[in-house]
Amino acid sequence: MNVGQWLTRVRKESPLVHNMTNVVVTNFVANGLLAIGASPVMAYAKEEVADMVRLARALVLNIGTLNETDVEAMLIAGKAANEANIPVVFDPVGAGATAYRTETARRILNEVNISILRGNASEIASVAGEQVRTKGVDAGDVQGDLMHVAKKVARMFQGVVVVTGKNDIVTDGEHVTIVSNGDAMLTKVTGTGCLLSAVLGAFASVGENIVESSVAALAYYGIAAEKAAKQTQAPGSFQLAFLNALYETSAEEVDEYAHIRGE
Amino acid sequence: MNVGQWLTRVRKESPLVHNMTNVVVTNFVANGLLAIGASPVMAYAKEEVADMVRLARALVLNIGTLNETDVEAMLIAGKAANEANIPVVFDPVGAGATAYRTETARRILNEVNISILRGNASEIASVAGEQVRTKGVDAGDVQGDLMHVAKKVARMFQGVVVVTGKNDIVTDGEHVTIVSNGDAMLTKVTGTGCLLSAVLGAFASVGENIVESSVAALAYYGIAAEKAAKQTQAPGSFQLAFLNALYETSAEEVDEYAHIRGE
Amino acid sequence: MNVGQWLTRVRKESPLVHNMTNVVVTNFVANGLLAIGASPVMAYAKEEVADMVRLARALVLNIGTLNETDVEAMLIAGKAANEANIPVVFDPVGAGATAYRTETARRILNEVNISILRGNASEIASVAGEQVRTKGVDAGDVQGDLMHVAKKVARMFQGVVVVTGKNDIVTDGEHVTIVSNGDAMLTKVTGTGCLLSAVLGAFASVGENIVESSVAALAYYGIAAEKAAKQTQAPGSFQLAFLNALYETSAEEVDEYAHIRGE
């Protein structure tokens, strides 16, 4: 798989990505999308989201600070994206933490055709109504039951599931690919998961194969984090270095440093 | 025109600027206003915006992530600002992209006396119901039709229009001034247009001549960007360097490096 | 008082802090809480705030960009926090500036048992319905009437009052402690007060003595600011250096550099 070419396409085509994300990370997501070469737009009002979706090449839904008004607009936007045949990424932030989040996540998955569902292990498991032991997920030991759950969820909603952690899992319900780039400093900056969901949307918008675009996005994102972490281990500096690295990392570096394996 | 003196006044008087801006850029706008020496306040509730406006010296309205509740409050705040005789800056973010934005922009312009309307070429043209070719606007070639539209819009609402791009246009409907400071790195950071609208408000609040205050604000803002771009061409670092440059740029530097010409 | 041990506990226990804060500072507060070693969560919907509070170890309420919907949810969350017996920090941003803020601040204080009320002199005085001369509060001259008002407010709501300024006042209504760490650069970055309120919540969550945890939090926060200010006097750089300093400052440094005295 030539993963670097996906980055080249994003930078060349600069796809407009419509984000309906949480109030904590809007600025970081917008700056991150600019840094990778995409064009961000944020719009939340039910009066306009369908119109905005029709201008965009991907839609990203994120329930990190959900409320009824925004969820209603997300459903309108999601259906418009389905009609327009553009990919929809869904980030079920905090699913499992409160009943409201878990139920809203399931409602969105029921009413909108989701192309990519991205979350951590417990969020993905909550969507499936499963328990997952999330301890012990390290480079040499991706848990079998987590892969099983990811595949099950992917089959449930007929899309691609991305479970992020020390190793990232990508599955369409049949095959599983593991991406092992990244750095623990990503956990010291808020919104790195939310931005990743938006980057997955940008990559998915410039080609047909969503498994491949997702693997490419994860490798690129993780490599940028590795570069930034070599420069600094302090969180304020890391956030800045990471945005710089997203901007500066080349397609060739992605091809050279990607750690990808099939399972 | 002694443009640097406007910056000196802002730093001396530290005017309170009331912002009703979008959720993507609130933090950046607040930090940017602090960096120039002004005092930011954000308040959105219809229960209080009129009271807050009466404490402020300028009001900045921005529809980047508009919704009905906020638009209603913007109209209340705008009318209170008109009664209090303080300048109102309006940034019609995304006008032309969706019908809801275009109609809301026109509604605000109809119901509130706007002192400064700032947008890019397509936003300003949308407000006027015009088409503008936005390609080819570079340093040597400011399009005649764009100036024509800007003047027309300024006459329509009897205020000052600021069209930003590679060259910035300031017009009161009769005379046109072109400011050619700035750097393309500004397009790599989200909210630099929104912050500029707030800076235009701060500058307008410390004097009587809104064309002159706007020209001064644009030159200063662009010079700070030029300084930051000399330090870095990476977007994370640029955002930081730009805030620093807003803080550190002197009135003398503004006078020395301003590129201003009448048309 | 061994103040550094409080920081050690926060880093060891990584308490989940539920924030209902304003839209200007959400990102900065989340990143700041991560930098001190705590776990931030933001949730605003009335459908879920009580559930989220029950997972958290502290609740932080901030009315910086209040609206009726959020205030209603804050009251629900506050009461759930009282039932769950976790500390509630209240930051009455802008109390005194508009009637709506002053009344809302009093309403929250009436309906929720607040553990820590943090504000600047005029905010705290407004809550009490008092006037305070806020000029002249410097290192050698903490105003007697400000301490008097702080004690009065603490007795009114039977909690701990923290008044921040050049010198910080902590009082339970009887005793007063003054913390004199910090740097004026904190006033050049938006949200440093809001983040401090969240840090007070994190510290209060890992022990029983809220006066002591607050004094420790103030000393630590101020020392981190002093370290950052030694590195830079520019506001963009300071924000980054301050987040780094929060992450890097050791418990031993807190013990060594804390400036604390009883009154």
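Assorted remarks:
All chains are identified by letter, namely A, B and C, in their written order; residue positions are counted from 1 within each chain.
Everything that follows uses one rule, which is that a contact is a pair of C-beta atoms (placed from the backbone, for glycine too) under 8 Å apart; a residue touches a chain by one contact, two chains touch by 3 or more.
If you're wondering where the values come from, they're calculated on a predicted model, not measured in any experiment.
Residues touching across the subunit B and subunit C pair largely diverge in numbering: under half of the numbers involved belong to both copies.
Note: Cα superposition of subunit A onto subunit B, rotation of 120 degrees, nearest 5. The distance from the centre of subunit B to the centre of subunit C, with each centre set as the mean of the Cα atoms, comes to 34 Å. Within subunit C, the positions touching two or more other chains are listed as 23, 27, 239-240.
Contacts from subunit B toward subunit A in the complex involve residues 22-25, 27-28, 64-68, 94, 97-101, 188-191, 234-237, 239-240.
In the complex of the two chains, the subunit B residues touching subunit C come out as 23, 26-27, 30-31, 34-35, 40-45, 47-48, 51-52, 55, 69, 239-244, 247-248.
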